[in-house]
Amino acid sequence: MIVADRKPLSEILDMITDRDKILIMGCKGCVTVCNVGGVKEVQILSSSLKIARKKEGRSLTVDQITIERQCDPEYIEQVKATINDYDAVISMACGVGPQFLSEAYPQQKFFPAVNTKFFGGATSHGIWEERCAGCGTCVIHYFDGLCPVARCSKSLMNGPCGGSSKGYCEISKEVPCIWDMIVKKKMEQGRLDDLLCFTPAKNWRTSRDGGPRKSVREELAI
Amino acid sequence: MNHDFEPQIIAFCCKYCAYAAADLAGSMRLNYPSNIKIIQVPCTGRVDIIHLLRAIEDGADGVYVAGCMEGDCHFVCGNIKTRKKVEYVKKTLSELGIEPERVEMFNLSSAMGPRFAEIANQMGERIRNLGPSPLNIKQAA
Amino acid sequence: MNDIKSGSNLEKVLKSGNFAFTGECGPPKGANVDHLKENLAFLKGNVDAVNITDNQTAVVRMSSWAASAIAVQEGVEPNFQMVCRDRNRLAMMSDVLGAYAMGIRNMLCLSGDHQIFGNHPEAKNVYDIDSMQLINLVKTMRDEEQFLNGEPIDGSPKMFIGAASNPFADPFEFRVYRLAKKINAGADFIQTQCIYNMDKFRQFMKMAVDMGLCEKCYILAGVTPLKSVGMAQYMAKQVPGMDVPPELIERLRGAGKGKFAEEGIKIAIEQIEEFKQMEGVAGVHLMAIEWEHKVAEIAQRAGMLPRPDIS
Amino acid sequence: MSTKGTNNKVGSVMVVGAGVAGIQASLDMANAGYYVHLVDSSSSVGGLMAQLDKTFPTNDCAMCVISPFLVEVGRHLNINIIPNSELESLEGEAGAFTAKLKNNPRYIDSVKCTACGQCRQVCPVTAVNEFDCRLDLRKATFIKFPQAVPLSYTIDKNVCIGCGMCEKACLAGAISYSDQARFSEIKVGAVVLAMGNELFDPSLFDTYAYSRHPNVVTSLEFERILSASGPYKGHLMRPYDREVPQKIAWLQCIGSRDINHADHSYCSSVCCMYSIKQSMIAKEHAETPLDAAIFYMDMRTHGKEFERYRERAEKGSGVRFIRSRVHTVEPLDDGGLKLKYIPESGEVLEEVFDMVVLAAGFATSKDTKALAQRLGINLNAHSYAQTSDLTPVSTSREGVFVCGTFQSPKDIPQSVMEASAAAAGATQNLSEQRWSLTLTKELPAEKNFSEEEPKIGVFVCNCGINIGGVADVPAVREYAKTLPNVIHAEDNLFTCSQDTQENIKKIILEKGINRVVVASCSPRTHEPLFQETIREIGLNPYLFEMANIRDQNTWVHMKTPQRATDKAKDLVRMAVAKAALLESLPQVTLDVTQAVLVVGGGVAGLEAALGVARQGFVAFLVERSNELGGMALGLNATWQGEPVLPYVMQLIEDAKKNERIKIFLETEVGHVTGTIGNFTTTLKSANNPLDTKVINHGAAILATGGKEYKPHEYFYGKNPKILTHFDLDAAVRNNDKALKDSKIAVFIQCVGSRTEERAYCSRVCCIHSIKSALILKKLNPEMQIFIIYRDIRTYGLREDLYKEARQQGIRFIRYNKDNPPVIDSDNGQELKLTVKDHILQRPIEMNPDLVVLAAAILPNENKTLFEHFKVPANSDGFLVEAHAKLRPVDFASEGLFLAGIAHYPKSIDESIAQAKAAVSRAMRIVSKNTIAVDSVIASVNPDRCAACLTCVRTCPYNVPRVGEEGYAIIEPSDCHGCGCCVSECPGKAITLKHFTDDQINAKTDALFYIEASC
């Protein structure tokens, strides 16, 4: 799923500083699952913003809604009737949400309340880790299910570099060295030879480097 | 410090320990400030971040959660989970420029009537020293 | 291994069977090259080639190809370092061509320290290709006379291709295989990370020799003299992939205040003496960080002088 | 009623005496499938406890803790309360008795009486109020106390002048002057005697001026003086001139431990503690500083948390403890009382007090003795029911059981324990008749209010003067009327009394109330009562909310009535706000696993397992070691001298032979899941943790026992002459010659007890020492024996041992905590003991051949086990019961019970009683096929669920799972109702019933006068 973090309150407050009636929109998709933009977080943000405003002696009207997904026009359609009643709308979805909203409702101002971070999952409750970089050409099968593109700090295809120490990456003692994991897994499985062959330079055209991407499925497209 | 200031404080107390301790404090006739109002919850684990924020938003000058002793939670670990929620709310308040000390977590057993009164007095005193919630000052002005 | 690939001094020294001795010099943090020239002067004649670092530890300095060109002007043979962090494949190839045109004949291909350590941690890194692929890229340009896309090069850069190896990084068992991989990718010579743990290095070299790697490639052992106990502790704790045994730190401490530097040099000289005898070791790479003026003394005391003149 | 079964046993039981013990026994049996006839000579149930002000050591209000029991017994379908009656005779035999009762006239028909009180208002006659210990007056038509059950008036014919006023005034036509005593016969299968006891009458003591001076009162009189519902409404005054006393003295052992005046050589067990309690409460009540002094011989604070209570009185409240027996009380002209006494220092002192409280002990009444004789029950030398230590609740007549203070002097929790034990004993042989005579309650269908606007009724309690005496209750009531959705508000003297329950029901029906708020005491004690009341007229029990305006308001803010009133209003407003959002919750019932897990194979565990099996259910008996018997295997005899070993061996044999008992030796308890009625426990081999078994059970009894402290004091273990009690018992068993040859033997008390490290008294050591000393004396009459002690605590009838020891020439030397005896063992094996004699005030030296250390009793270490069951232990490591007074065998977690030394150090008879009591408590659960589970559980709204697994990961009990349908599922029967998942669910898909976000936030909003926005 997409993993995000909520922006600091000060940043969100700055966005809405001159607005008195806002709508906070949550999303029931990834951001609910990663505990950043579901009903609960919408309530917390709403209350926090109201507290901040009350402290300034100003009032703030906040309405809350959490829709199924902010990345589907049909769900976005649900707020059509009231969306322009607000001075601004804060989206707690990933970066997709406020953009879809902006496209659907060009008159309204949409602010992102979260920083969209990566594709990953929860390794335990409250801890999410990156697993995929969305490079467009999956190679994890060469590395026994461990992706060096997303998980090596340098995206090395022929790692590990000289900074690998005791299983951790040179950038932090808390970041595991994926190449250490790849090597150990290969060794355990007696397939170290796989790593002796040279992996040529990756084709990054399928990644973001190739420009904004689009996926067209002819058999589905109407 | 304003001597006329009577803070409003909400205490979320778990049924098995803190609420029972509050009853015991009463049966021991121990005095504490009358503007502490207890809301009973089955376990402090039921206390949600939004409950604490809502209290501040509504105008509470202080809010605290009182649960069982750590390790003795009637529901295993509700108090430990909620201690972290209290920390989150403290952080949120700091971000908003409100004294995080207005929110606190306490642990006590059902047998600790005097401790309940002590906590209530301590929290009352702390909030009195902090003065009214910034939310209330602006409103009054 | 005997065909001359670049004709650099370093290549010639190694191929003639001499025990090579290389030094290191960082480009300036500005356009003022006086200090660079001064340092090069200290090294001149005392080493076979000088590594010119490339934004070492991710701290911005003058571009390594420019500093290398200055070295050429000053009569010191540079070993032009290139990291994968700051350039994509286009920039790399154009820099290789430019460097060669400026008279640079040695190259060291590196991944580069992560930018988080440097003075622009907010930078976006590139890592279009990795060090292994860079080695291969330079080799392709040199031997195939092609760009990476297969298009022909008009005047291919004949570089003596170097690569780094850190015998002390983990997983240790894999290190010698990765060395082999680099050699297969096209490395002509290897410069190792600074060595302090001699036991582990001996073990590493034995594996390399057993695998026949030393017949395919020249291995230069990395030496950095310790200036102080503080530096030793810093290296031990803070520098990734560095292995400084506690006994060594104790030995340094035992020398007593004011005598740490001398003890550090003594240790370095002892190491060089051992490397001269060690099977598979073709030379020493002396990284005397901000101690360029001491290189002559160390070289002298280690019996590395005079440097052979093979022209 | 239909009879089931083919034999002639009867499925009903009679309980004689409706004090706290009788009530407990009745409730246990009625809830376990037997019809109970509860007979009492008085007009109301409640006994002595109803007269008490507070109870030690928690200082709970006695009436507050007992009143839910009174109400429960009063409304119980299977308890037939027979007041004003005496058991004339008991014919037949165990299983099928015929009880003949004499039903004395009440002169007011309790069926017709509405307790409106009109008769009392018109009655011209005043008489002394016995309930208030004659300190107050009442009318000839009267009700014993406001919470009386049954709640109906009676006429005191001794003073009634027959004027006919009440008959005219009574609109119900309930008065019947011609009422006559009637006789009735009831068939019962067993009888429990719980007649209780009366207090010694100190008018026999001339030296204490009791009959001569009103300011000399008995302890019970003082209870009434302190009581908020007593003659002085809780204001501390002395009877002579209603002045506030500045100095009060308590004189201990009045009519106890005294054969000169009272012929009561025994100790009454409770007086030390109640005097401490009274002194502390009196100090709290006093508006000016009160000087309280307790004159005592030995301070007997041998119960759980008692020692700390005494510490608190002395150090915290400043109560003076003076070790001296006062010999005269001399009344002075101004109402003062001059006490002459000789304290430890030896000089004669005089001190004047404003009031003297005589700590009167227990005495068996003439009526009780006569009843015992009629029933053919043997009494012992002290006129208490004769029992054996090994069958502590069985009388000399089969099928007749005893509990409470008729068995021996004791405090409330011990009485309650025995009551349950007697209930277990009485029903043990009647199990085939279980449920044969019981009635089932037909509750009306629940009304559906979901479409209706909230209509809230608010009932504000005065709690006598507990609330009304501080807060302005009428103002609170009027305020409640102004709140949104409130359609009715009223105040009651006691909202919990039975007449108010009827009134509440009436009002609800009349006004169409669909949500009820009671502003009174704590929901912890009273919520179930009110919930049951509203359920009886078709309201779901969860359409109820309480405002705690007593325990958390008027008791806290007694000195600031205005604030208490304001706070009461706030709390009522908050409760009303939540009430408006309350929803009916369905009652879920589950099948019960009719088996009991017993943990611990000592005497308590064995008795519990056998008890369960004899009641007809399966018991799993789990023991960690490789043998059954526990600590008792090292004991020689009970305090009455009954041999322990044959008894334990018999128990073990019985347990092994019993088909219903599954014994697991060398086994430990692992993971425990489930709730009351259905627990699943993993048992694992103590030797191989991978060897596991899973058992299902409906209840569990923890009897994990204790052990003797291994002293590090006094060279224990370094010198063979220094033994502990268990060592000495072993030496006696082995006929160790060294014992007989000893010339000087010394017992040192409180080794490891009552210390900084271990503040509690180990309860059994004084008795064990004296018992052992007497055995040594028998072995060698020439032996010089010394017992070096701090307080001799031969409580109850055990005082006989102390008396005998002194008669046998055993010498008692007292020491202070700060000045313990010193042993010098430097000279090889020769011991030199030095102790300061308390009478001679100088050191005594001796060279004992034998030193016995009265080592503390410690609980066994079972941290992980307790964690598996999630049961609490106190700072000393003993398990903590649900309520120190009235639930001494239960844990706060339902379905779990405790017995034996794991609870507190106790003698073998007390362990046996508690084990039997635990069986009785467990029968309330496992005797039924189904059980209603708590409705306060988490439930998932599938539409909102993102199947994110947050609940799965955060539940402390691993209950939620994501089902095949793709949303979280929480099984109602597995949910413990903590709400952890609810507050973490990022989609707010889970709600905790009765504690929803809206309901919680509504309270907060209401405090700040914010209309509910949800």
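So that you can tell them apart, the chains are marked A, B, C and D in the order they are listed, and the count of residues begins at 1 in each.
We adopt the following convention: contacts are C-beta pairs under 8 Å (C-beta built on N, C-alpha and C of every residue); 3 or more make two chains touch, one makes a residue touch a chain.
All values reported here derive from a predicted model rather than from experimental measurement.
Student: Name the most central chain, where centre means the mean of Cα atoms.
Tutor: B
Student: Roughly how many whole angstrom separate the Cα centroids of chain B and chain D?
Tutor: Going by mean C-alpha positions, chain B sits 32 Å from chain D.
Student: I'd like the Å distance between the centres of chain B and chain C, where a centre is the mean of that chain's Cα atoms.
Tutor: That gives a centre separation of 63 Å.
Student: What whole-Å value do you get for the distance between chain A and chain D if each is reduced to the mean of its CA atoms?
Tutor: 59
Student: Indicate the whole-number Å distance between the mean C-alpha point of chain C and the mean C-alpha point of chain D.
Tutor: Distance between chain centres, rounded to whole Å: 84 Å.
Student: Quick one: which residues in chain B touch 2 or more of the other chains?
Tutor: 48-50, 54 - these are the residues of chain B that touch more than one other chain.
Student: Scan chain A for residues touching two or more other chains and write them down.
Tutor: Residues 40, 43.
Student: Under the stated touch criterion, can you name all the chain pairs that qualify?
Tutor: Chain-chain contacts present: A-B, A-C, A-D, B-D.
Student: Which residues of chain A touch chain C in the complex?
Tutor: Going by the criterion above, the answer is residues 153-167, 170-171, 177, 180, 183-184, 187, 192, 195-196, 198-202, 204.
Student: Which positions of chain D touch chain B when the two form their complex?
Tutor: For this pair, the touching residues of chain D are 54, 58-61, 284, 522-524, 548, 550-553, 555-560, 563-564, 566-567, 570-571, 574, 870, 872, 874, 880, 892-893, 936, 954, 956-957, 976-980, 982-984, 992, 995, 997, 1000-1001, 1003-1005, 1007-1008, 1010.
Student: Show me the residue ranges of chain B that touch chain A in the complex, using the header's touch definition.
Tutor: Interface residues on the chain B side: 48-50, 53-54, 56-57, 92-93, 95-98, 134-135, 138-139, 141.
Student: Any idea which chain A residues touch chain D in the complex?
Tutor: It comes out as residues 28-29, 32-36, 38-41, 43, 66, 122, 124-125.
Student: Can you check the complex and tell me which residues of chain D touch chain A?
Tutor: Chain D residues touching chain A: 944, 946-950, 953-954, 985-989.
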